[in-house]
Amino acid sequence: MQDRLHDIVRKLLGEGTIEYFIGYGAGSEPHRVVPCFVTSDHEVERLVWGPLCLQNLSKYVLQAKDLEGKAGVLVKGCDTRAIVELLKQHQIEREEVVVIGVACQGQVDPRTLEEVLGVPMEQVQGVEDAGDQFVVTIGEDERTVAKEQVLLGKCLYCRHPSAFEYDFTLGEIVPFSIDAGESEFAMVEELERLSVEERRAFWQKQFARCIRCNACREVCYACYCKECIFDRKMPRWLDKPPLLSENEIYHLIRAVHLAGRCIDCRECERVCPMNLPLSRLYKKVQKDIAELFDYEAGIELDEVPPLVSFELDDQDPFM
Amino acid sequence: MAVEGSETGGNGFEPKILMFACNWCSYAGADLAGVSRLQMPANCRVIRVMCSARVRPEFVITALSKGLDGVVVLGCHPGDCHYSEGNYFTRRRGLFLKKLLEYVGIEPERFQVRWVSASEGAKFADTVAEVTRQVKALGPNRPRRNAQ
Amino acid sequence: MSSQSVLVIGGGIAGIQASIDLANMGLQVYLVERTPSIGGRMAQLDKTFPTNDCSMCILAPKMIECAGHDNVHLLTYSEVDEVRGEAGDFKVTVRGKPRYIDLAKCTGCGECTEKCPRRVPDEFNMGLDKRKAIYMPFPQAVPRKMTIDAENCLYFAKGGCRVCEETCQAGAIDFEQQEEVLELEVGAIVIATGFDPYDPAALKEYGYGEIENAITGLEYERLICASGPTEGHLRRPSDGKVPQVIAFIQCVGSRDVNYKSYCSSVCCMHATKEAILANEHYPALRSFIFYTDMRAVGKQFQEYSIRAKDEYNVSYIRSRPGRITVDEQSSNPIVWYDETVFGEAGDSVRRVASKEVELVILCQALVPRGVHREMAENLGLELDESGFLAIQDRLACPVDTSVPGIFACGFCQSPQDIPDSVVQASAAAARVAELLSPNSRKPGDA
Amino acid sequence: MPKTRVGVFVCHCGNNIGGVVRVPEVVEDARHLPNVVCVEDNLYTCSEEGLSSIKEQIAEQNLSRVVVASCTPRTHEPLFKEACEEAGLNRYLFEFVNIREHCSWVHRHDPARATEKAKELVRMGVAKARYLEPQEEFESEVFPAALVVGGGVAGMTAALSLANQGIQVYVVEREEKLGGLVRELRTLFPTEQDTGELLSPLMEQVRGHPQITVYLGSEVENVEGFIGDFQVTVGSDGQNSELQVGTVIVATGAQELRPSGMYGYSTLPNVVTQLEFEESFKSGADLPPNVVMINCVGARVPERTYCGRFCCSTAIKNAIWLKEQDPDAKVSVLHRDVMAYGVDIEDSYRGAMELGVRFLRYDIQNPPQVLGAKRAEAVKVQHQLMGKEVILPADLVVLTTPLVPREDSERLSKMLKVPLGTEGFFLEAHLKLRPIEFSTDGIYVCGSARYPSSIPESVSQAYAAAAKAGIPIRDGSVRVEAITVFCDERTCSACGNCVEVCPFGAVELEEGKFGRIASVSVAQCKGCGCCVAACPSGAMQQRGFDDRQLLSMIGALAEGMVSGGGR
Amino acid sequence: MERKKLQKSDLSRWLDRIAQEHELIGPSEDDGVIRFQPVESSAEIAVEFANSLIPPKSLFFPAVESLFSFHKRGKDIELEATEPLDRDRVVFGIRNCDVQSLSLLDYVFGQDLEDVYYQERRARTALIALACPTPPRSSCFCTTFGIDPLSSDGSDVLLTDVGDVYLVDVVTEKGEGLVSLAEDLFPGLTDDEARQLQPRPVEMKKVDISQLREKVEALWEDEYWHKMSLPCLGCGICTYVCPTCHCFDIVDVGSTLEGERYRCWDSCMYSDFALMASGENPRPTKRERIRNRYFHKFSTFPSRYGSGYACVGCARCLIHCPGGMEITEVIKDILAKESISE
């Protein structure tokens, strides 16, 4: 799969159809896979593909707008939902970007892998996909671990946009099907069963821990505003200090802005240094949007987002 | 009918409730309640907007997080909107926001959406009384001292 | 060049709409309204069919726009005295009855009303409750000013009182006010005097006046209206109980050669609306509508009556009741009517049936305003045999009366509902605009 | 930016406010608010004397904002704005605080808390006033011409009325001749006139009028722009011409429903519609002795719920005509309700009965059946009143059908960006009070394009549409209250939410200085603010209700609730 | 002071003893994140951890602190200072790189202008350093910046884990005071113990950064910054977890009538960090902002304070950067560039 990727990228760079290619590259240590921007032929070798390619690279496409030429990007099925939404929200033109879809069979969640293996990630030399298992090389020996034990949360409910024409595909792009054993919204229902006070306490504690480093905003594909309302001085929506009231405003307003846009890529939760359970917040957003308006972001290109449309017979508990 | 005056008894806690009223229907309904001298608790403060669709969910979140005890968005009955479609969006935003706020531990009574037409003075007064009673029962919206 | 101003007679929805359009055309409009406030019949309605819009919600903005328009001069509590001249150059005298209130000072605060001792039947609420001698017809009246009803004011009757004068902090009461006569020169006249309900007492068989729980459509409208005498609680006149079964009787006086031969066009939908409102207020309530032809002819009217049947417990009985009697102790009206009963063998027999209900609403015929006949003579206008203002050429010029330069819109010229009246009002405005526009040819050859 | 100088005027309104709210306390409290330079209370602020004191203070204290705390803005705001303007202060630098209907009148038994509430309402009003900005009401020029789409009775009447008001009119008619649907009739209802008596004068005046230009055999290909400046492309046999007009009237009428598959229509030769009856039989063909008319064909049925309104009167007209031609003819009309509303139709309904026309009522559950293999010979119907089956011999069966929307209304509605209703007719702005206007300004509709209407109704609507379409042209300019929205080019990220939600199609995405941004057509914007709430980046703002103003009101209210309250 | 010994099992008793006298602060974990925060007892202190996420700088220069609050009574305004610390504090478990970072911060908050808030906390806090385990975290590179993970300078007491006992080096009187709280737990070392119990040397990859400053200063115009800044998302993680970053913003929160003046961390990576009132922004894109960050660390800071580079090699930024930016790679790239400035 990796060599086919190299050939394609080399061809694209060679023909000059793209200025640079956004893919996954090896970091300084083998367990670190980082976004890498390949501009010239000799860098193509750095491109890798495997179960540790976690990042959703779609947001980087937005940077390509100031290039004269096009940008190429490697996207998993779930990442493509971000491309679909960016198209739907007029942020990119389809011809501006060369999309290479890769058949992904589930990505590893480093934190759970560490717990399951009992070994820090830095000792992991590499992870290989082996059907319904992962083969993890640590030092010399290799250990296999069942996939569903160490998969990223989102991989258990893998979803792809229904009809999307990739420019190139590596392997057959088909949703990775695995029995997650519980409903996709189990973690939300669990919180919903709590009383209002318990939920308040839970979220107040989480919001209080937030240091407002904005990583969740900067990594999110949907936060592409030229100047975010939080950075604006007049009107001042938010005071800069990470006080509880300001943190709560920050996270709830982001949740509202993500209504009908969140594609469950859970990058916000992955990059959060303070381990805030953000996916439990945004999973709720997706659950309500699905239940109230029967809509799922990033699936249909021409479907009108829910909060900018309406039905005459929407439910109306407000009589 | 609306509660005669507001009870200042009980634990003495008087909630402070923010109300958005749309210029064509609910603000006129509020005026009619006034014209008809319908007494109601003095906990609600009305902000006039041209259409209930102007009320950003961000206002509701900011108001509740800054410690106000309740926020009510009033609009025309669906189909009556002066701008023909405004309140359909208010309805959808309200549906979503209500569930989100409840999820993060804000009691449902603290954020409400109600349809009040220009001739429903009594309904406006009842809404004010009812919301005040409900929010008062919940107690203060936890003074948001900044726990760090 | 004919005078660029227009006289509009009648401040109902048609008069208001015509005034707004004419004023927006840059013409000076003199809107003469007999009662202290514009709004007309529509102001008395709770909701309007078929959308169930609250009537005041859609009327008030129009009233404020009309009264507030720079080109509109509101002459309320006034009547047209004399009209001379011809198209393009009419001389009109308007008699302004004294309100005994200084309009500049009065703020419509209503303190005087509270203190005034004299209570008289309130015409706005169809006499169902009382108002004071110093009053404002309804809370949202335009202009929001008080009026002293000279016939009933104690001071005028036997001197003394003047309580209102003491309470009024704005010093707006002025008992010395005299009648004002205004001379106007106008290029055209638009008549929009609307309708009066026909007194159903003429039809003895329905017992209006004797049977307490037999009321008219407009009386019902006031009872069901939130700003009405019972604040929207449908309390029947005899014992104030909320009826669980009500009956509407259509064409009371309409389509009847010995009263009014024409169909008043609006009562079928009016009854359906009132039945829906009853059920909206009291979900358990059932209503029966006795009709001959259910004339739901306008846009969304059919859907409206279908919804009435399906969702609001309304059933339509095709029969014209012969008589209404009353059960003495329960004072429930009993409606006697003929119905066709189908046997199993497909044969049928017609027989007289009766239905006991708790309230009967007589949808009476609607006739041009009482004062309309004398005004017509005054202006030299012909009336048709039903008493409406005659229209020469119904097809080509549906709003031109028999006198060039005088136009008629709304119920005064033919039975019609609010949208049709509003259309005719704008049509009259167009005709006036044609008449008064500089390079227009003489109206004769329009 | 000169320091903002706010003047606050608290009204007693006799004792309506003063009797409950302790106005002096409210005045004291307002005195300390930032930027407040003068606070005054008066007995009646809305009286002449109150207004003049405001004007004085504006001049003396060089006020740059005025806040009046008294009754409701809905009735008194224009009054105070006028006063500010007369004193030289931009009318949009004014904020109204309602402490009567929303405070004193409704908290009579609790003066202490009513006063507290009044103070806070004033604080909120001042907080908003600080961020008010002067606005100029946008005026866009109106091009002095009107377009009428459709040359039927309605279109011609509207065109003539506009022309007679001195306005240039373009009429675009698809057929080769004017006259529309009415041209297919022989006699008219209720006057029994010959069609020509109505149409010829109309057609002749329209063709002869110097102000009217008629395009026959032509269609509207494209419409761009908004009220005051519509660019219309009219295509007539191949070559297009460009027109510029200020307003547009849709008078495209409707077409008769051809009820194929019902009652043997199109299979039995002697089953015709009312229109076909009019064309064939009124031109001298010999009249059949037995005629049965069936009403409500294809109307008031689940798939087409509306009533055709005047098809009953057409049936009555033709039935009377038949009886007059041959008094012995047996004419019966099968109906579900005779919609003879009003004076004229009811008279002719009674007249028809007097002439011997039989009216039989049928029920939709068991409709009449046309009997006959190759020709219709009889009609069997369950007589509702007599409750038994009746067989009516029939040499001719005439089906009364409603008018249905023209097939291409969809195309025109897309071009003009005006909506169609559920039945496919054009959807007016407000069914009761704005029946012939669209919610989009500058476009009007009349005649059966809106809903089946008889000739007098269509003609009335045509005159009404002419009145409405004439107003902006006579005025020469369109003024829009300055509560419209505007887009901040710098921060707009062109996500398109505003374009989706705008009920009036007033927002489009266009290339701007900073790349693609949303741009608002101020003439079309009604100022509902729906797009502002849908804009994540806050680039879209509404004059007079922008985020700064509303947020500062919330801040003023949340003051002291918590450290970390907004500002 | 000569070296002492402490049984590992006695550690918690010592810490609990300290906790009675002073406010004990240690690395404790909640929701998988280790940060230095006050603990009631030693039980809450995490035992094996490479380093905390939020550096101990947060104890001296917190993410948000209230400078003072103000109330407007009519015309005059009352100011109310925030109360000073009620008890002295003892920080246990601080790594040597963080200790060195505090000395860098001492320059910032003490060299020219005395920051009272920082100085007060610095003066009233004792540091019990815990030498890094061997092998250290693979990403650590403190030795590159001349920091010896086992050195005790800058801290009051240094504990070095040598199997089942800690070697205890008491450096300052404060350190002595702390040790004296539980004198019996600290027997001296016998000679052979002193010989055997030697801290195991720490091997770590090392890079010669003597040329770093000149090289980076030569790269101001280089295209390198554009290419390397592409993966950066512009969030504030690297600056908030960096023990040497010290930029802050001052904000009045509250209303015109009453409120509090707060100081809180700010990040040069934010787009609006350098935004001026005029709307001008000297560092509008990521390229300038990243270049500025490395310039500050490797050129401006040393020249401004005459100190070492503003980096202690703790690798926190490298581990937590969502864009996978690695400061070690950047340093290598800078060093690899031939100086093209001449």
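As written, the chains take the letters A, B, C, D and E, and residue 1 is the first residue of each chain.
Convention: a residue touches a chain if its C-beta (ideal position, glycine included) is under 8 Å from a C-beta of that chain, and two chains touch if they have at least 3 such contacts.
Note that the structure is predicted; figures quoted are calculated from it, not measured.
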{"item": "Chain whose mean Cα position lies farthest from chain A", "value": "C"}
{"item": "Farthest chain (mean CA position) relative to chain E", "value": "C"}
{"item": "By count of C-beta pairs in contact, the leading pair of chains", "value": "C-D"}
{"item": "Closest chain to the centre of mass proxy, which here is the mean CA position", "value": "B"}
{"item": "Distance between the centres, which are taken as Cα means, of chain E and chain C, whole angstrom", "value": "83"}
{"item": "Rounded Å distance between chain A and chain B, as computed from the means of their C-alpha atoms", "value": "37"}
{"item": "Inter-chain centre distance, chain B versus chain D - centres from mean C-alpha coordinates, in Å", "value": "31"}
{"item": "Separation of mean Cα positions, chain D and chain A [Å, integer]", "value": "47"}
{"item": "Multi-chain contact residues (two or more partners), chain B", "value": "28, 35, 57, 62, 66-67, 85, 89, 93, 144-146, 148"}
{"item": "Numbers and ranges of chain C residues touching at least 2 other chains", "value": "51, 53"}
{"item": "Residues within chain A bordering two or more other chains", "value": "227, 229, 237, 239, 242-246, 307-308"}
{"item": "Residue numbers on chain B that touch chain D, as the complex places them", "value": "4-6, 8, 14, 16, 18, 23, 27-28, 30-31, 33-35, 37-40, 42, 45-51, 53-57, 59, 62-63, 66-68, 82-86, 89, 93, 125, 143-146"}
{"item": "Contacting residues of chain D [partner chain A, same complex]", "value": "490-497, 500-501, 509, 514, 516, 534, 536-538, 546-548, 551-552, 562, 564, 566-567"}
{"item": "Touching residues on chain C, where the partner in the complex is chain B", "value": "46, 51, 53-57, 60-61, 139-140, 225-227, 231-232"}
{"item": "Chain D contact footprint on chain E (complex, rising order)", "value": "69, 72, 74, 253-260"}
{"item": "Sites on chain D touched by chain C in the complex", "value": "13-16, 43-44, 46-48, 74-75, 78, 157, 160-161, 164-166, 188, 190-191, 193, 198, 201-202, 300, 305-307, 309, 337-347, 350, 361, 384-389, 421, 425, 430-436, 450-451, 455-457, 459-468, 470-471, 474-475"}
